[in-house]
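One structure is given here, and the rest of the page talks about it.
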């Protein structure tokens, strides 16, 4: 749907940041990233905009999730689940102001 | 190179692509599918998921009894033919139309933007909505950004409109919003959906909570997954387990990018500029609340307000069964045109144009039987 | 844009070196031009060039028209591209010591003379690198309304002992596939150099003559087939080898050399480096027993340091290329249409 | 447009085949490309092609990029032009039996396929007329913004017994000049075919291969030099022969064959047919004692019926061409700049 | 092929080019020159005469004591640099400028129309003023016909303006009228003119009577001659005889085209559209009554009225001695730039551009000494 | 000054005529030719306009003039001469209305 490319911030200049994608660097817009960012942070980018900061510990956590799934360790996986909303509620209207 | 791009956040290349872990996840999937009563049919709604699946040959390792089908997850494919015609009309009338490379070859009712460009029209490929603004800043010509994509891509479009673009810049919005289309697919009597693999990038913007009403309404699990091959396999484990255990939960299987409430800054931009209206999804017909229209406050930058664009809304190619394929009713091989009249070199339907289109992906990557 | 409309005019895809072009060539060109050549290679083979038997030797001839935007790009220019492209096509047919080159320039009026000088300097240098010189040429100047930039045609002539040509149809099951260096650099460097896709990184084209690498390989062992990946990249080169040799190919995705900068720029642009143009690489089929010694010989030759064995010819999947990703397998197909950066 | 500005960019005149082009070639191209070839002809000779000694034989190579507006014109098309032009250049170097031709097409996207088919058909027919075939090629498609129409490059390869080349520098005082047919038809037919200069008359290009006429001439007597008048017409061909051979030439104005329609259309357009392009003619230097028998032989060969002896090489006026009008004499010089119809 | 074109009125090719008659006329000229007291200097005012003389090598057979010099007879050469600049300015501002092929390479103060075209400007070569009108009929773009030439060429321009051209058509007139320039040359203290060879084509329009005041004022013969080599030799016989006999008559030596009163229909068109005003002749400075300006009645088609054309009037190249050459004061070889900086391939002055320019003709045809 | 090309009229259509220039034919405007013209007449043309009809007998007369000049036959030449206008008259003002 939308190619998301992760990269590391090298430099920030106003609403733009120079992001290193693992060899190739490119300036991207960071005004909708929705987090405090600094050089060294990783971000997910899409169509020339950073759309998410990727916290470093989450990579480790991802591998733990893989392992938990392989080991069938439900405790470790449980916090990823949320209950479905009641069927009566209007579908996905909540986030639009 | 893979759809997921370079390894993120200092992880080494194999972190998300380790063949051993892949095999272990596959084994786990197999035992879960065995545990379920019936065969399981998962629908994903993301072309990038389809690409990961195809590129890494994941279908060739899925256990019998588990099918992963593609829903309306390719924003290029679901762009209405009439929307392409609007862009074509603008380019033909002397405007510079800037758009993503993905859209160039998509057939409208009559011709594609590539054909207009080949005939001398001004059509520019940009990598970002911000690049389209830069083009406008360098010319007196009217520059129309033909914006396509789901919420992930609409948020950047919103951002440039909120940052005082030049007066000769405007947007022709074909942006769409995913969750209502999932509702339509899940509700369709001909479609069997046992669970949704939801798109990680859209959820990055809007959070996992938007999927709770879907899970509730249709009584099925919705798992938000990432785009590395292990991400997809892991998300499938969560889905199959929830189905086997009959637990219609919403699961965030992509926590390194997705949270429950999503990216608030991006949502603010998105809903400041866009509102949800009913609109055509190519092949699926009108979907309520699933088309992103520019709000009246930004009418000055709305190409539909600025220009008088007349197109024939009945020009769609009829033999193409893209809609059925994206709704999950049919597979590309069931289309009589597939691989014959309709090929990547000479596409009939949008599903054959986009690198994310199910027909294109099936034609390009094939499936190696082991 | 229906299939019918497309049939009536030529589109960019017909010149993009892939399936559309081959069908144009076989339906339109081969119906009219070319003849099979006994003991040689004619136009019908659609190989890298022609091989014309001539007593105990054969003449090898190849031609290419080069257009590149921008004409001077990171890592090279049109002149180097023309000479390297032609020398490599000769080498891909086995003629590793070119006899002579031609230079057909078509230039837009108003082109600065120093731009032409840069290109000619570069042709001269590259030709000298290969031990050849340009001995006949032609120059035309077109009005700016009729042409943007420069078209350079280079034709190359070489000679080989009769019957010693390298062709694209020589692979047998069991043969190993060798690529002489990282793929995709030329196409990514050019896309990146164009306005609107600026990267801060120094992405450089791989454009270079590689006839000496073919020579080194043939000295070290039995080379069974050769072709140079250019338009359509490694994907097109492997597809053509598979189709013409009548074998299947299995490539190990992780064995294909790709530079870090190219890999990450390709990811950002939504492209697979295996489908992106090279201009200084060669794909060789090698007899299995010689594979390691040929690899060592190429790696020991300047410009071949990053050569790799990337896969094998097999006796199933005839005419197709399978990519093994370590997790699963899929077919590798050539890119269709024009390659554009994409966000989806 | 001062002389300084001109030096910095290429103009149409640099590609027009005349003095400006030769100075561009010698100042810019020959500084960088080409080497003199012992016992052969290299780029520095700026002759119709290169002659590369190879044992007891020589290879002959020539290349040309052809652009013509319109691509299909009265009397021919781009395909016939390409093949005839290349075959004639080979013949002008003495290689009257071409070995092979290449076909490098650069086409504007949107060109109707049937136009390409017409051109390829015509290449095939013309090649067959000459007993040769196209055995390697290349096709590129450019966006309409970058190219109008079609550029066709053809490279030709021939072979002659070593030392038997025909060059432009072989004239000695006393040699007679022979032209194989009426001059100026191609250029006038094209100018007339362009919009705005419509003539009701059927002016047809002379485009044709004339290698068989060179063969007939050499069989009948000693041919001392040859070149084909193309861009710049007879004036440029004679000027180059005079300059390269280091002799003067005297041409009898009334002996130069010109068709009635060409002569009158040229008068209306304010042009001298002697300065207008041909595409199916050859100028030969002939030893004086053989002049009549060579003329008879050429006239007896199809396509040579209107051949004529038009003048002589002399030992004064070195490097220049004198036209004798019957009333007085003047120098014949090549046209400068572009040829345009004029009213003054 | 010759400047005179194909033989006219059924005459065979040799009628006007017979080498024997040429030699007889040459012999007659020789005896007449012998009869004259002094050497004789004829000035012609017609580039086509110069071309016949050069192309047939006539100077190589003229007797000693007879010189034929060229006056301001090339309309391209006398077109003012500022007039070219006006055309360049119009082409640069998006108008389509149509003009005769002769004008394309003529340098203005800064650049030629060819240079504008090379840079992408719309400049079209036409064979006739009527063709320029046809261009205008096919487009909405403003089409400006840059009209150059003497009365012979101005009459056709007048004719198209009198026949309702489209509203997007206009004329930038650089047309000139010959007789006053002959006055200026004859009156110049540095110029010796023993007789004028007058231009047959101009006289075809205006008749021989217009030359009577010149003959009377300057006390010299004026002979109107044709353009075949025998026409020129015969006209020279008439001139030398009149000089030798001191009879300042006007002689019509081209009666097959020229009459005493000329072509009345052409004159009516000419003077209906144009009036004579003072204007610059390149290299000669202002000449009274010798520039043809469009009358106010046709102001709607006058490019100078329709567009605001600003050019720098002081941009002329100064080293060029074109003016002296055309005034008959100097020969091309006396110009230090001749054949060095100034060549047909890279002209400095207009005299090197036009096929009729004295420097170009000298450079192109040379003179073969016998 | 102005290339004048003679040719023979083949066909007349309104203000245009098809003129044969001795092999090549072209349509020219005839609205300022200033004489009655018919197919078979010869005209002098310039820049796409016929500017003068050339009477057939004048060609013969031209050759007679050449001969008279060669033979020094003044009687035959005399009618071509007219007297110069008096010096006092305004130069060449007569023809402009």
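Chains: A, B, C, D, E and F, in written order; residue numbering restarts at 1 for each.
As a working rule, a residue touches a chain if its C-beta (ideal position, glycine included) is under 8 Å from a C-beta of that chain, and two chains touch if they have at least 3 such contacts.
Just so we're clear, the structure is a prediction, and the values are computed from it rather than from any experiment.
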item	value
Chain pair with the higher count of C-beta pairs in contact (D-E, E-F)	E-F
Distance-maximising chain from subunit F - centres being C-alpha averages	A
Chain whose average C-alpha position is farthest from subunit E's own	A
Copy-to-copy rotation for subunit C and subunit D - C-alpha atoms, rounded to a multiple of 5°	180
Chain centre separation in whole Å, for subunit D relative to subunit B (CA means)	60
Approximate Å spacing (C-alpha centroids) for the pair subunit B, subunit E	72
Whole-Å separation of chain centres (CA-atom averages), subunit C against subunit F	68
Whole-Å gap between the CA centroids of subunit A and subunit F	90
Touching two or more other chains - residues of subunit F	1-3, 5, 7, 21-23, 46-47
Per-residue multi-chain contacts in subunit B, two or more chains	5-6, 47-48, 74-75, 100, 118, 127-128, 131, 149, 153, 356
Residues of subunit D touching at least two other chains	11-13, 109-110, 143, 145, 263-264, 267-268, 270, 342-344
Pairs of chains found to touch, sorted by chain label	A-B, A-C, B-C, B-D, C-D, C-E, D-E, D-F, E-F
Subunit A to subunit C touching residues, read off their complex	1-3, 5, 7, 18, 21-27, 45-47
In the complex with subunit E, residue positions of subunit D that touch it	1-3, 5-6, 11-13, 19-20, 196-197, 258, 263-264, 266-274, 317, 320, 322-323, 325-331, 333, 336-338, 340-344
Partner subunit B, residues of subunit A touching it in the complex	1-8, 15, 21-23, 28-29, 31-34, 42, 44, 46-49, 51-52, 54-56, 58-59, 61-63, 65-66, 69-70, 72, 77, 80-87, 89-97
Partner subunit C, residues of subunit E touching it in the complex	117-120
Subunit B contact footprint on subunit D (complex, rising order)	109-110, 143-145
